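Shared chain: chain A. Partners: chain B in the first complex, chain C in the second.
Presenting the complex of A and B:
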């Protein structure tokens, strides 16, 4: 129970200190709103199932959320710059089967991981270059790449690799560091890194500028194509890391994993408050958005809801999140005017 | 940054005079000779105005100087050193900055961050907020904006404040040459005065300013020298006081435009539009009448609610209470469709985003209301015939009706926007800044069209930030402020009176009651 307590009490504590200051900033208002949705969901599921509010279940949720959080960080950066990457699910699969088959072929495990991650970055480089240099719509480029990378995954291996993986293949997914499962540690590290990039680095300011007003960014002397390419490289990289973490945890290299994952990632980013029209969004929000999706899946499972209904529920949450977001923004605008 | 050393050439050549000298500059685009053998120079501490109709070549010259386009031929010297720019960044590094008409700031970043953008202070890739703030404060103070908190998001700023941010940003590098392209078009009169203060400070600091404008009064006031362009060539460069506004216009258009405004010979008839107690989020208890054949001008500062008032009458903005009647019959609130069916037409403020559908043809744009409202059609029953009649009547310069409207000049696009209401039985025309961004020759034609509307018996409601235009066309003027009517004036008042009424009810800051154009 100790774990749950710390998760639960952290929020009101933050809310009370300097609450007015927090509210004054629209971004924080939005973060608080999503945090409240997450809290409400936790309360609801705690009532529905007595197995929900346990330390082991929370670890379970976090472990499941880890790949989603990792991939969503890269996607957040891309979407703040008014881009989109639909290929993350396929990249995740291709990177993990590539790493798995390299490991089977005798490449040292961590070298195989690194090569898988570099592959993801390479796919991002191709995406970004076509988008930025040839001015093709990101939806079209990454939709094409969604098919290509999935095809590559099947070309590497048409079925799941279960046999011949080194014995330590699953270590990354199952080991612990300082009592925390490794996937969670990796997710926290990636999220912190992206938070620093987006909120404190000069590169981060440029990403917000590109998404908020690309012409202004260009006229400020920012090399917009280069920044965009780097963003898609980051997004491909995080997708590949998510793939490595996921396949290590499930103990296989499977070309079928991650089908539809891109939609979960985009949903997490949008629920977290990143605007589809760019220029706005925060990593903290995305992490909360990913947790909302993970809690939803876990809670509905525990409550005995059929998997098909979980799809429906996820869709409803996504649409509701956007409606709330619009209402909040309109409200803010009216306050400003009035 | 503070530590940056100025380019050495600058100090060496300062005695020589010109900050910028171009000679023999030419630039052609497929089928168009945009610039032909143009000479131009800029001295420290002067405002050099560029005037000319749209397409006369001034934008091309400015783009070449700013490094946005490369010339086909010719020589350019910056501070006495031959320069050839391969992009805007090269021009910036040479000390040339551009303040564009569109306010290119990033709304989601703070003032300090916007000013830092592209040259962010930082170490190891981490953005240094405190340094950025300090620099922003210094730069803003240098142009007289000391009370603007640099941590404020740019999305919360007024157009004038955004412009100040852009100017401050332009100054962060060792900028000597500042290009301002129609800088007053997003501003109101009171804000214009503040901009002119900034320009005075820049001049005093030895900066050279290239000032592009369509507004004669600004040119009269600011221009130390004035260069007139026509058809890609430099027609004349004149010193202050060498030519009257009328002379300049004549040089620009090559024909006499002694009177921009047609004679008002309206004979108002019955009441056409009756607005009673209209109240919405931005307007409060607005009541007025407009008669057939009358032009009613609406004056007020930016944010006074002028646009919202027109949109509320048209059913495009939410109305909480109040009524709108056309020819005595009340129309349902909050419905554009009902407003059009009652005979109201709106020419919106933003031509490109609200007035036209850029991807459609001239014919489809002109017929867009005609198509939707069969019951409202006026005149010919054949669409092509009806549309081409109007296009001819309004002298829209287009190769054909199947030409994409986005390829036409602003003035011709606007004529199509006006024309679409003539295809239907429109009784009341609501015009919101109908000549914004349109060159002098086309403006005059649009003034004529507006006057013809009134003579045809239409009731016209005109919103304009350009007072000469408002006074030149209106039979009567109401002044609004804070969404309320604060005064009504006859059509023959002076600009000063209109400004006095507008400002009297605005914030009573010291000095704001004087007029931006007072010393004229």
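Presenting the complex of A and C:
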């Protein structure tokens, strides 16, 4: 809802400078602030390590960030509608080991990938149906699904890590398209797709409306349960895609992957400016939020920070990122008023 | 015509290159077999290893009580009893194999077995102790997650009248009969084997080490320091470029290893503190286009099934591995628990299990897997 308003307010003209025009839109403001935090971090790490600003490290960061970006896109849509999906880390693991076990069993590789992704969508369908039709809290439902999906992942794999994967299993995670590693290409495609859905489609506008005021959305004729179910299907699907990309990259079907991943995804979405109370958020912000998390992990390693201090530094930087983000926004609002 | 000649020449060059590359890779595997030994090496230059900390996990020493702990007995005192087995986490191949071995023993010796999964979580292990007490077994094979926390946990079970034997991680105090491994010397042998292989293959090229670590556990620190002691015993001028926290799981290890290789592209030796760590590092090398036996050497400990295909591969830089033996742990714990139930073992009884180095040959890998990770 707020997003469609913002599209209307961000009109060119009125005699102001381009910068002021740009920040007239509250969401642009948010995105710029998050981008500034990312830039600041990049500058800091470039000073701390001469290996940070290199083309190969850029690819490394993007490769590491790709699964997070992919899963965060689905989560952004869910959180804009005032929902939450805590099961993404486990769905990621279950979908990837399912695809891996099918590939080991002789199913053609891309058919195995598709079945893994369908599994993720199916889990999302169950989540969404229980949440939307039975009005159960999304936290409870997806917390339960977190355990179920992890259990399924362990049940699928007879010896904890699948062995005997086809040689081309790693191709998706390690090959390149037009010079870009495939995980990055997939992340870009997913992010663009979600950006279009959320910013330009009727469905996207309905999501913002549901997140802004669910009752008003219902009264205005939006089929809220159907939209919510679809959202959770999308979220499960993106988690599964992320799982297959990650699993292909590490070259193994491992049910232990993605433990705690849901927290990273939620952090990326919130850093990216999506409100926990729903109705606000943008895919581009989420992508930047995911990059902030990826750059932070990478930069601390490159700077040679001791592992225990990395835990402390990550916590401090994430809190600082949110504070700076809010401060910059306030400052820009003042510019806008002036 | 000229174009055809050029094509032919190009194709021949590619074929020749491939043959040379394959030959070199095959040489690498043969070299790893040649330089393999199951003996601990002594430092060529004691000064090179002087600053490496010694082991912290085996504070009661590494002598085993006398007995045939590693063979299956004719009969067991556990027959007809109710036994609780706890594991750190069934999600890892090692503990899954332990659970499988115990189930087979339960059938063979006819006792009731209940498995409790700690899920690698301190809170879950704490709750699990209450569940074990409620189950009221005759005997408990307990896998602590943390040395210090294990002391009151074992004490509580003993206060409830349960017979407890710990295995894997050793409690920080002497509270129960225990089975543990020498976490320093096992990885030290891996370091020796990796060092010998490195020296034979790369000669005087400087060895720069990266470690995919998990600094939270003292047992793991022993693994790391043991490896470094062994490697520097053979290659005294090797240097450690970086140690990163790989979380002991493959996805986090992969990201950490990728960053480490970015920060230190000169690294040519990687030690993974477990198989997830080395598999993550190998995936990072693959993504960076460096996955080759000519890159350097990757070494680790665990000996689980997935790493065996790397160890036996001509292309893979994984060339040294010591096993953390699930069958040996199982049978030693089973025998010690039987002895404890029969009143033949007390809290001062300990069994120390070895970290057998795995020969990177087809036979070496097969014999290891057949004994420790048998397929049904």
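In this text, the second predicted complex is superposed on the first by the 286 of 338 C-alpha atoms of A that agree within 3 Å, B and C clash if a C-alpha of one lies under 4 Å from a C-alpha of the other, contacts with A are read in each partner's own complex, and residues count from 1 in each chain.
Keep in mind that, in the parts below, a contact is a pair of C-beta atoms (placed from the backbone, for glycine too) under 8 Å apart; a residue touches a chain by one contact, two chains touch by 3 or more.
Given the structure is predicted, the values throughout are model-derived calculations rather than measurements.
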Exercise for the section: Put chain B and chain C onto chain A via the superposition and say whether they clash or fit. Expected result: fit
Practice task
Could you tell me if A:250 is touching chain B, chain C, both of them or neither one (first, second, both, neither)?
Solution key: second
Exercise for the section: May I ask you to decide whether A:282 touches chain B, chain C, both, or neither, giving the answer as first, second, both or neither? Expected result: neither
Exercise for the section: Look at A:302 in the shared chain and tell me whether it touches chain B only, chain C only, both, or neither; answer first, second, both or neither. Expected result: second
Problem - Touching partner for A:201 - first (chain B), second (chain C), both, neither - result: first
Practice task
In the overlay, answer first, second, both or neither for which of chain B and chain C A:310 touches.
Solution key: second
Handout entry: Superposition-derived comparison: chain B or chain C, residues of chain A touched
Key = C
Completion exercise
Taking every C-alpha pair between chain B and chain C in the superposed model, the minimum, in Å, is 34
Handout entry: Set intersection of chain A contacts, chain C complex versus chain B complex
Key = none
Problem - Touching residues (chain side chain B, partner chain A) in the complex - result: 88-89, 92, 98, 100, 102, 104-109, 113-114, 116-120, 122, 125-127, 156, 169, 281-282
Completion exercise
The answer for chain A against chain C in the complex is residues 49, 51, 54, 56-57, 60, 63-64, 154, 159-164, 170, 173-174, 181, 246, 249-252, 254-259, 297-298, 301-304, 307-308, 310
Problem - Partner chain A, residues of chain C touching it in the complex - result: 90-93, 96-97, 213, 215, 242-245, 249-251, 254-256, 258-260, 262-263, 265, 275-276, 279-280, 282-283, 286-288, 304-306, 309, 373
Problem - Of chain A, residues touching chain B in the complex - result: 196, 200-206, 208-209, 211-213, 215-222, 279-280, 334, 336-338
